[in-house]
């Protein structure tokens, strides 16, 4: 029996369709269908000037919009050869890690409610609010920040912001302990997660899975560590990975990443130099190509921009991590029960905005 | 269970984290991007906000103001607005701001279309702490300048250079704004009061600069009328007089001269020129 | 804090120290830069069809390849040179040609290879590499959908983002919004 | 005075009031009309009619009490979960009484919504399923007394039926049938899977549930609630049969489908399970009835394990009973808000491999106590 889980279904965070073929309750085949949210951002970008694309890049992902606008700015800086002031890079790292925390907390909330646990949802959303408030006082918006600029960031840190950020880090760390209690202390949570949705290392590499699912399958590769962008090379943190490759490993990798993010924020705020936070960006890009790669909360985000000398990009290609990860979903789903679909797909942290572009 | 312990603690010690919305509201930061306000007195009607807007939700409207006369000011369609804040960021005279007003819901689409008068708030800018830094710079009024070179001699930073104007038998002082320290010595030195101290805000956007094709310029002065910052001056070119039928010499031809320090890169001269004599790289008509 | 986190693990110990997480390194000639090794191998094997190769910056190399030898080159890249991750396939519509840009990443030697294949305007077909990297499957479908590049021997070359009955390929430059 | 006598008094008073009219008419009118009205008066005053009307009134009162309890339960559930999760819960509607009126407002909203019957649904089954579900759930409450004096399953002198426990659990077990019916007749894959899950789950949890009940019955030596509660006069059965209480609570949670075991309506994977296609007040009825079943579960646990209405006589017996039932309900809700949902194979495994041996062990313990002669009855 083919069942359409989607496009309107509580399991799909966003608008997509997962067709599963079930035998009783066991899944024998699965086929994801995406494209319901295709807005043609790549085509729109070809008709906008370089600065105008930054708010559009924000709209790629509602969960972690800052990463995408930062990735866009990074790519265009690579194309134009703009030097970013050091303070701006540190501010970017702080905000990026905050965005990662907020995104992971939102994932945790969605994951908890996928598993039927209202408590996790509401606690995570409550704590995400702290980070969102901080980012709002910095950038002026709660969800689509429009904060990075080509050649820096839009605003300097408000007074006392760094102290508030450190306090938020402490708060999040105490809360993370509570989450570990709440989830791993619950036997049912472990029953639902351990040995569910196994993705072997070979499959993960072959299918192009990136980010936390890849690290949970035993590949220790983090763009921030192995190919550092911004000022990540100066900061001390660990790459979180686990060898199991099941849902619990993915959950655990994300929780560990949140701990590491708190660590990074502390270091970056302590080392933040004084100075300018923005430079004047050129209006026109040279003829050539630019490439940007970041470690999005969901995986490897990439942009490839082709400039033709005018003030508009000739071509902007966006690599969405979820678009590739969801294509690997059938290999994780087959053989498990129907109730595991929500655990497995929830563990991938779907974000349809960036998947469909 | 550990879960239960946390629940009991939350039950006894926790305070509600939600905000009872219509009665309580969140405190919004100053940088919050809500509804627009426009300071009519500061706005020069250059239209840079129109050019940067990603959604083309702004337009310039010709209005008659009892105080300011015939002016052009931007209006905004909030129904299309992205609230990216680029218009406020690019405004050369910081006349446009985004307020913290966020309750903009309405029943009809038409009510989102705000004309310049709807967003006018001349007092708002005084309550707003501007993040962009300003400095005082000497601006040149070319019609008064006599090319006496006194300003260039006075400048301690040697940042004023007297550049000859092509086909016009004059020189104009060009000020290197990056080196200027706002000492205002040139202003006091000027015998004709041609240099005016003006407050200028820094801008992070590289703006396109107009270029004049002298062979095509007819001296119609349409660009000078269109320029919102009065950066274009029409100057006579000696030696270009036509000989009239009666043997007298007529009026000499005029050409446009740009004072680039004043230019905000809005491209209105480029649009106003009917003869294609002004070109702006990267701007479409 | 560390102890606390350790106690939550199922099988003890921080996973970061797990030995299985490390990747085996590809064999290298002693003293050779991995990027030069890759470039040299490609040039040796496909000397005729390589139209240009350069090192852009640290960790990023670029090679231009004729489309006939793409499949063999990719097989070589994955099996012998350790490029196990295909990041992105982007198709660019230039006025005189199509270009397909493959960004292939190697976790072992931490190199990204930008492989560029030119296609003529009138015949935009190229061999599918989805049998080499499974991740190329949807990437190729997307390129077909938005740019109209046809991939030979693709298991399921259908539209993916747009509806199935769309008549145009919107990212081509002759498609006007 | 028990409930029957109270209602009987009301009915007798009413009947006498109305009979005055009939007999006056009989006197005034000519004989061929008058005899008719006198006959009506005689019938109304007859013993049989009065007893029937009394029972109808009793049922009405019990239903009203149950509905008020359900409103309280929903309010308590929302308010308490709000406090646990650090938000307000219902607040504005009925501001003075802590947002209590919010449920009535929601109910009114559900009343004015359109009831949609899917075009390809089996109409009869689709319409019958809520009726069976609601009716059977009210039927559970028929034999559960709130106190020796407050219950409807009595004879005229106030003696309760002897097999009340059996009847209550029989009524409890009707619901899976209606759920399966609802799931099948909606003609929807999600509802069908929900219905099937419900059948499997109820079947596997019915057995440990009844085994624990059997242990209680064994100890008390009675099938009636009054007898069981009286047997707990010295010590609550929760203490000797603690394992039984735990098994009972888990099974009741599974029977009333609260979150760790709410597989039939697992909202994450099966949109809303077997209630997916129901809209408007039909859905409202299902939701209200699930709370009603929660109340019934709490009442059963109270009567069987927690000493029923026994307690210091400062407050009336009925209030004691309700306090205990509310406590059990809060514990179930606590479980509901804090635990994730289990998987379908795991829930069956839990039922057959864990709860059933525990229930048998519990039965053994009860039998041991009984043989030792510690509990007589």
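Read from first to last, the chains carry the letters A, B, C and D; within each, the first residue is number 1.
The rule is simple: a residue touches a chain if its C-beta (ideal position, glycine included) is under 8 Å from a C-beta of that chain, and two chains touch if they have at least 3 such contacts.
Just so it is clear, the model here is predicted, and its values are computed rather than measured.
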| item | value |
| --- | --- |
| Chain pair, A-C or A-B, that carries the greater number of C-beta contacts | A-C |
| Innermost chain by mean C-alpha position | A |
| Computed distance of Cα centres, subunit D from subunit C, in Å | 63 |
| Approximate Å spacing (C-alpha centroids) for the pair subunit A, subunit C | 21 |
| Whole-Å separation of chain centres (CA-atom averages), subunit A against subunit B | 38 |
| Separation of mean Cα positions, subunit C and subunit B [Å, integer] | 46 |
| Multi-partner residues of subunit D (each touching 2 or more other chains) | 84-87, 337-339 |
| Shared-contact residues (touching 2 or more other chains) in subunit A | 119, 126, 182, 186 |
| Chains that touch, pairwise | A-B, A-C, A-D, B-D |
| Subunit A to subunit D touching residues, read off their complex | 1, 3, 5, 9-11, 25, 112-120, 122-123, 126, 182, 186, 188-189, 191-192, 337-342 |
| List of subunit B residues in touch with subunit D within their complex | 3-4, 7, 10-11, 14-18, 20 |
| Touch list for subunit A against partner subunit C, complex | 34-35, 38, 40, 42-44, 47, 173, 177, 180, 184, 190, 194, 203, 205-210, 218-221, 226-227, 238-243, 248-249, 252-253, 256, 259, 291, 293, 300, 302, 304, 306, 314-315, 317, 319, 323-324, 327-328, 356-357 |
| Subunit A partner contacts - residues on subunit D that touch it in the complex | 81, 84-87, 189-190, 193, 259-260, 262-263, 266-269, 271, 337-346 |
| Touching residues (chain side subunit D, partner subunit B) in the complex | 80, 82-88, 91, 334, 337-339 |
